[in-house]
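In what comes next, chain A is part of two complexes: it sits with chain B in the first one and with chain C in the second one.
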Partner chain A sequence: MAETANVVVLMPGETLQLPNSEASLTPAQELVLGPGLRRDDGGTVVATKAGVLRRRDPNVYWIDSHQKRYVPVRGEMVIGIVAAKSVDLFKVDIGSSEHASLSYLAFEGATKRNRPNLQVGDLVFTRLLVANKDMEPEVVCVDSAGRANGLGQLSGDGFLIHTSLEFCRRLLTPGCPLIASLSAVCPCEITVGMNGRVWLRAKALWPAAVAAALLERSNCIETEQMKSQLQNLTDCLANF
Partner chain B sequence: MASSSRRKMRLSNNLLKMKFMQRYLTEEAKQDLEQREKRIISDEHWYLDLPELAKNEALCVENVSFSTCEQLLFGRMSFHGFNPEVEQLCKRLNASQETTSEEEDDDNEKDISDAEMARRYQSVVETIGKKFQNKRQRSRHPDDDDGEEEEDDGAGGESRNKSRLGATKKKFLRPTD
Partner chain C sequence: MKETPLSNCERDFVLLAVREKKRLDGRQTYDYRKVRIAFGTEYGCCVVELGKTRVLAQVSCELVSPKPSRPSEGVLFFNLELSPMASPGFEQGRQSEMAIEMNRLLERCLRSSRSVDTESLCVISGEKVWQVRTDIHALNHDGNIMDAAVIAANAALAHFRRPDVTVQGEEVTLYSVEDRDPVPLTIHHMPLTTTFAFFHEGSRLLVDPTRLEERVMEGRLLVAMNKHRELCALQASGGIRLLQDQVLRCSHVASVKVLELTEIIQRALENDVQARKEGRCCGLAESLPVQRVTVACAHDAVVNNEEARRRADEVVKCAEEPADTEGAVYHRGPHTAQVGEGLVNSWVVDDNEPKSEEEQEEAMDDGDLEGVKVENEEVEELSDDSVVILETQHRAPNVVQLSDGSEEDEVIILSGKDLMNVSSDWSRVPLSVPPC
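Now for the complex of A and B:
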């Protein structure tokens, strides 16, 4: 366990000593182990990924790392590409090791007669319903009440950008400077999937292209550096 | 001989349980019936004959998504009214996330503000109020309502009310030559 200036770096297999033991926990402050951490049979917490340990109150721990391969987690929203159509299923590529299945009926207002009109290559914003390490993942485009609520086909001319998972998470943190400056540039629409895909759409080609380039460039930049670069860019665009 | 005949004369339990028999039952008989029913229920009630397990609640959740760990926003965003549907949805979902984390300012949840609600009901007060008036009150002119509540309970009040109604009625005026 390497520790420099309150940053704990963990390697796979390293055990983690939590400040308060599990016996002392009350139901209100249960221990939440996020991605990258696992509890073995003895109850000790072991890291399964190399990365930086993060913590949030009361007792949430996870490992933040750079990663491009998506591992499905139930409940996450991802952007999928329709890869194949069969009798009652779509096969959707969500960036995981296996294609996810998407039922024809898992769309808002879909019935056996009224099928969604999706072609191979179309983009869908979906939520993971089944994400089990031993099973094929299953995605849906409706919530439990049968409403779309923003899920479904991403229609219109847009750009799809493949980035890292970590960058997508950074885009989705509240108050992200990149999103704020993009929103200042022009009217546009951004959809961020947890699987490292970002879909962009704007009225004209150039703002979308600029935004796409911006996103790809800022992939490996720290949030603080990002702010100054963005300022330059927005100044340039204002003169454009 | 006599006792056996008395035993025969007793009404059956099923008959005593019937609804129309309930009020003819004495207190003693009622209690007797209740006890019998309780015994039947407790006999039929089953339970698992297992040794008590030590409560070992797991206070640990694993395999949690990044979005719950980091409290990330909803994935779709729209700016400057590019996609109004998404913009509204995004605002709603992200606002609800903020309120659940902070538990404050529930005014956002209301579709109609208190002031607007009051303004709307002001015009309806009279119409709804009519529903709770009787016929006599309804026939009275709404302007006469103030300060004449005591009229309603006496016969004299009624006659006065009638005369006033008569006075307002238009009469045939005999032409004077």
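Now for the complex of A and C:
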């Protein structure tokens, strides 16, 4: 376990030493282990991924790692690419090991007669309804009230970039400095899926390309360093 | 594992950008991505990076019998492997159509153009020739693997050294690397490929397409050429119609690109030779850029050396009085003696004793801590003193001489003269043992 300042880097198989106060927790205060952490038979907590240990009060631990393979989680919003059409459902690629199914009726205002007009290769912003390790994932483009609420087809005049899952999560954290600065550099419409895909659309081709390049290059920058690095990046992209 | 399907918006975006003569990574139409060449510690190992595309080539050789049709020529073998490591779209084991096409092209480009002298690979005509095998693995696929593979193959072949062989009459001697310096292959020229991707029915072209551009492109033209502007191979795929002018213009662009690439390879080879000559670090681990997932600041760690100090003090205190132990030597026969029977063993020291050897060593190991260093030297000085004492005692008659004052050395050399003094009926002789 390498430790510098307040950042703990764990390798797979390493045991996580929890602070003493938390090792002896009462049943009422439970410890929540997120992705990358697993409890052994003996009760010790072992890392299963290489990455940075994150913590949130009270007692929530998980590991952030550079990962591109998406594992579906129920309720998450993802950007899918329509891979195939069949009689009553679309097969959508959401970056997981298996294609997700999307019913024709899972759109706002869709009926048996009024079918959504989606072609193979189109993008859809969806919510995961079923995410089970033994079952095919299922996505929908409506909320429980039958409203689109932002979900649905993404227009074809945008651009899609594929980044890491961790970067997408960072983009989605409230008050992300990158999103704020991006709007200042090149205003664009942006949709972030939890599966590592970012769709963006600007007024013209070139601002969109610059925004995409900016996002791709800031992939490996720590959130704290983003503000100072952004100026360098935008300078680099000035004569792009 | 299936490859991620290409979305319509990506395709439209790339096509629009190409129409406006722009590229998504900011390059111009004829620009290559950044080429990086790194060599391994062993000869004939080379990693080439072309942007994010990364390819590894390894050359190896063995003695085989030649083909009956060409008894005096060595055998060249090329193999390009596209594993799922490079892209989830590549399948393990089975060669895809793309892999077959690339392998064939690699052979045409490097073997058919006779870039490596095969006759110099002959050891005995008709019996033994060298087979030089070049294995190329794609490590990451971000488009244009072919150009990266050809650069890697050329660089690896130029970097490779085969063991030296001499033939005297019927006798063939194969020298190991230790006996004789291995010899390089004879390289006549370096055929390098330049890939052109065509869009919009051949009206737009791009050099060195990325993966996204490769997926969108309509056709591809590969021009293999050496720096003398000799065309080595030409391949058009994707079923696109090209005009004579276009092919000519492509070959013209290729000749410029090949010059630049040859220059880069030569420089990389020279740098490697220089690094080896000066004994500097060479090899992949050293030459690849450091990519670490750590923070950018270092923090001083506080090391507690109180314990080490205390221990060292103890050692110094204890070492001041040399232990006055009595030993004994039993003469068991000519040239054989035994030390210390029936007495307390003063060589193997009790673990609990603070002045034991291991702890002394521990104290020495901690010597890089500043505080301990001073005491450490004192310890050494003291042990020197004790040796002096020992040697003065040796002058006394009937004392067996020890070879030196080393505490760890358990071998005792008994000189003949001393042994003569020892009475033959195993009488006891006092022996002073150095303090531990």
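Here, the second predicted complex is superposed on the first by the 192 of 240 C-alpha atoms of A that agree within 3 Å, B and C clash if a C-alpha of one lies under 4 Å from a C-alpha of the other, contacts with A are read in each partner's own complex, and residues count from 1 in each chain.
Everything that follows uses one rule, which is that a residue touches a chain if its C-beta (ideal position, glycine included) is under 8 Å from a C-beta of that chain, and two chains touch if they have at least 3 such contacts.
Small disclaimer: the values here were computed from a predicted structure and weren't measured.
Student: Would you sort A:66 into first (chain B), second (chain C), both or neither based on which partner it touches?
Tutor: Only chain C; A:66 stays clear of chain B.
Student: Going by the contact rule set out at the top, does A:182 touch chain B (first), chain C (second), both, or neither?
Tutor: The answer is first: A:182 touches chain B but not chain C.
Student: Going by the contact rule set out at the top, does A:97 touch chain B (first), chain C (second), both, or neither?
Tutor: second
Student: For A:206, using the defined touch cut-off, is the partner it touches chain B, chain C, both, or neither? Pick first, second, both or neither.
Tutor: In the superposition, A:206 contacts chain C only.
Student: Figure out whether A:122 sits in contact with chain B (first) or chain C (second), or with both, or with neither.
Tutor: second
Student: Where on chain B does chain A make contact in their complex?
Tutor: Result: residues 57, 59-83, 86, 89-90, 93-94 of chain B touch chain A.
Student: Which residues, counting only chain A, touch chain C once they are in their complex?
Tutor: Chain A residues touching chain C: 2, 4-5, 7, 9, 51-52, 66, 81, 83, 93, 95, 97, 119-123, 154-160, 162, 199, 205-206, 208-209, 212-213, 222, 225, 237, 240.
Student: Which residues, counting only chain C, touch chain A once they are in their complex?
Tutor: For this pair, the touching residues of chain C are 1, 4-13, 16-17, 20, 22, 24-26, 293-299.
Student: Quick one: in the complex, what on chain A touches chain B?
Tutor: It comes out as residues 22, 25-27, 30-35, 37-39, 54, 56, 60, 62, 73-77, 125, 149-150, 165, 169, 172-174, 179, 182-183, 186-194, 201-203.
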